[in-house]
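After this come two complexes, each holding chain A, first together with chain B and then together with chain C.
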Partner chain A sequence: MLKKLLAPGKKEKAVIEDLTRHIKLLYSGLDAFERAFRDKDRDLMASIIDLEREADVIRRDVISNIYEGAFLPYLRPRLCRFAEVIDCVFDLLEDAAYQYLDLVIDASIQNYCTQIAALNERMCEMLLLSFETLMGGGDLRDKALAIRVYEKKVDDIKLDLVRDLRNVEVKTFWDGKALSDFVSSLTSVSDIIEDASDYLQVINVSMR
Partner chain B sequence: MKVKEFMKTKLAYIDADSTVYEAIEEMLDKRIRSLVVNPENAEEVYGVITARDVVFKVLGKGLMPRDVKVSEIASKPVVCIDQDTKLIDAAVLMEKLGIARLFVCEGKKLLGIFTLTDAMGGSLILIARSGHVA
Partner chain C sequence: MATLLPLIGCVFIAFVVGSNDTSNAFGICIGCDILKFKKALCLFGPVVLLGAVLQGQKVMKTVGSDLLEVNLSILGVSLIVSALLIAFSNWKKLPLSTHQVIVGSFTGAGMASGIPVSMTFVVKIVLSWIVSPLGALFSAVLIYKLMEKTLSRFSVFRIETILKNLLILCAIVIAYTTGANELATVLGGAVHAGLFSTTAASCGGALFVFLGALFLSPRVIETVGKGITTLDPYSGFAAQFGAATSVFIFTCLGMPVSTTFCIIGGIVGVGALKGMETVRFDLMRKMMVSWVAAPLLSFCICFIATKGLMFFPKGFFWV
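Presenting the complex of A and B:
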């Protein structure tokens, strides 16, 4: 049933390929962020901004193909929304990368941020598996649950991070704001990946 | 999948000469179920006090938490594993020893804690990755 609904024509295939590419690009971006943060590699961090632009192009292609008639009408808004949610994650990642370039991360929060960056990457890997499972007509339940487990872990680390962040000395209001914005962007990535996973579930259920 | 992907690195500590009352306060305040007990001197090793110790060894015996020192009920030494231990091996060790938490150590240094909940979360992810259905 799912395969019939999802892969009947050229336009649909193009959308599926683009969405897969979109998620894979996000996975690469999160992987690059994790490595850049861990190794303090500013050039690699700056490259994430280019990835975000590439992702924008893919999102536009997905949406224009859908508006040109790919998929049944009731599926179109959900698939568009899914692409937009993925794009939201890219926006957060780009914000975090930009903010990182202007910051000196205090040693007391370095480990927390590294852990969260690694978990974000793992969540995206699971989202990709989930999307591929949806395309193959499989059950998403275990993937969605795994994503929720990751999200809970990020939330736990976030609590400790925010608590310790209060002890980090900042010299000016803007330094403090940049640090706060960085932490906020980094820790929100997992929330939005979870939303994307929920959208996949909605698409899955609506096609039954 | 290795333990380091799932361990918690934030550990809460308490001194051995603190009272069990103080340990209860700390655990409730931080919403945790165990505290690492600091060594009393350089030759000593880390211990652990759990909610189970408090309930079974103090409250269940009708003792007053203010009258009992943490060192009197703490388990020592903590059970250590390497951060590269496989999740399944950690679970087997927990089952074998009948304990709910393992400490991730590097030499004498404690890096983190790996609990039953972490093991369950990890197992779900293993299932999701391998494509099996629970």
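Presenting the complex of A and C:
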């Protein structure tokens, strides 16, 4: 009886499950991106676009469940915002995947991009761990710190990447823009994952 | 005429209690979508009746017998004046406590007609009006501190679920005290003047409280419920539960106290805990003015009205 009283309601359960699925899907997307980029697998890269569509459906479910009354009003905007931030990462990943399909990546920046893609994937893994810790009631600080450290690494690599990017010869303005957009999308993923991690921290402390 | 006027007064005030006090009890739960309005109403009606039947007698006795021996004439004047004042305050959107208006009216009408009014009980009631919001304030602070120490250990989603259940529990306690205290204050005079039996008064009163809640409360709930939920859940719950505890204790002591004033006391308590700058002193001042003016105004109007009616030949209105 007490267990039933303390268990989350149907809508709340659905939101929690959807959010977990949302982060797991992002992790799969980032993993697929990293493998596709490393192995130059264009089909795998194209599959990320389908994952983004699936993630959109999950975000809509999360928001509609919250709109229908899941959770106390105090938590609702924070959880909606968290789902939107995750979706934002997906949008960046999709943009990067689209741009990759139209590009030939210069060998001089290949290694940097692979490193960043791998770090993005690890950051998302840590975000998933953070969310699971949030559900279990543990301390998120060490996970948040790890995410910040990874983000710093991405920033450092980005500096070198941008420096070397200037030496890459581009034939047309549009080729250059596509390459610049690709790098920008890829390197922004870590910033948004860091924002998502900060949101989890806010959610965690907001009810205490 | 002598029985019709008090009856109209009782019905009207019970109706107003239903329309206004449902928001005290279930405003937050409905505002937060924890309960739908229909479900809340189905809970509110029976719990109010339960409160009136199980614990209403003590407050009824204080208002209708201990304060003064109410008769039908005093009852008629007091309840009609109270009903008019409450209607006026609702129309002008002024905060007015039903308890204070009724007690002030009874005292005014009683003194004007020469019926002995127990000053001991006047002092006791006024003291309870001062102590009950303070009690709510301290209870709210205590509950807030206790929750910080205990609930914070759980995960955020577990805390949320626990708070939801506690808010429902709190709403039920306030609905219970609405019956045992608020409704009992309205009916106390009528029961002790011999107009109804306690059971009949409780059932009839609860029915009109229910009807008031059904027809008029949704708009009040929308205003109060959605407004209050901007408080963080800990503060909202602590303020409400602090008020519920205070009103319940005073109900057990048989003292008519206002749930609204107690909730305000609770909100001030948790607000002060987070820093005095969060407390809106302009609003507090307005409430204080109403707190002093309501019983004095009802006392004076009833005193003058009773003196005026006593000029008519005995039997015409005055029993």
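As a convention for this text, the second predicted complex is superposed on the first by the 201 of 208 C-alpha atoms of A that agree within 3 Å, B and C clash if a C-alpha of one lies under 4 Å from a C-alpha of the other, contacts with A are read in each partner's own complex, and residues count from 1 in each chain.
Here is the rule we go by: a contact is a pair of C-beta atoms (placed from the backbone, for glycine too) under 8 Å apart; a residue touches a chain by one contact, two chains touch by 3 or more.
None of these values were measured; they are calculated from a predicted model.
Asks: Quick one: is A:R141 in contact with chain B, with chain C, with both, or with neither? Answer first, second, both or neither.
Replies: Only chain B; A:R141 stays clear of chain C.
Asks: First (chain B), second (chain C), both or neither: which does A:I203 touch?
Replies: Only chain C; A:I203 stays clear of chain B.
Asks: Quick one: is A:R38 in contact with chain B, with chain C, with both, or with neither? Answer first, second, both or neither.
Replies: Neither partner.
Asks: Once chain A of both complexes is superposed, is A:R53 in touch with chain B (first), chain C (second), both, or neither?
Replies: neither
Asks: Should A:K177 be classified as contacting the first partner (chain B), the second (chain C), both, or neither?
Replies: neither
Asks: Just to be sure I read the superposition right, which of the two partners does A:N111 touch: chain B = first, chain C = second, or both, or neither?
Replies: Only chain B; A:N111 stays clear of chain C.
Asks: Between chain B (first) and chain C (second), which, if any, makes contact with A:Y74: first, second, both or neither?
Replies: A:Y74 contacts chain C only, not chain B.
Asks: Between chain B (first) and chain C (second), which, if any, makes contact with A:E12: first, second, both or neither?
Replies: In the superposition, A:E12 touches chain C alone.
Asks: Overlap the chain B and chain C contact sets on chain A and report the shared residues.
Replies: Correct list for chain A: 138.
Asks: In their shared complex, at which residues does chain A touch chain C?
Replies: 5-9, 12, 16, 69, 71-75, 134-138, 203-204, 206-208
Asks: Could you pull out which chain C residues touch chain A in their complex?
Replies: It is residues 31-34, 148, 151-165, 229, 232-234 of chain C that touch chain A.
Asks: Report the residues of chain A in contact with chain B in the complex, numbered from low to high.
Replies: On the chain A side, the touching residues are 111, 115, 118, 122, 126, 129, 133, 138-139, 141-143, 145-146, 149-150, 152-153, 156-157, 160.
Asks: Chain A touches which residues of chain B in the complex?
Replies: Answer in residue numbers: 5-6, 8-10, 121, 124-125, 127-129, 131-134.
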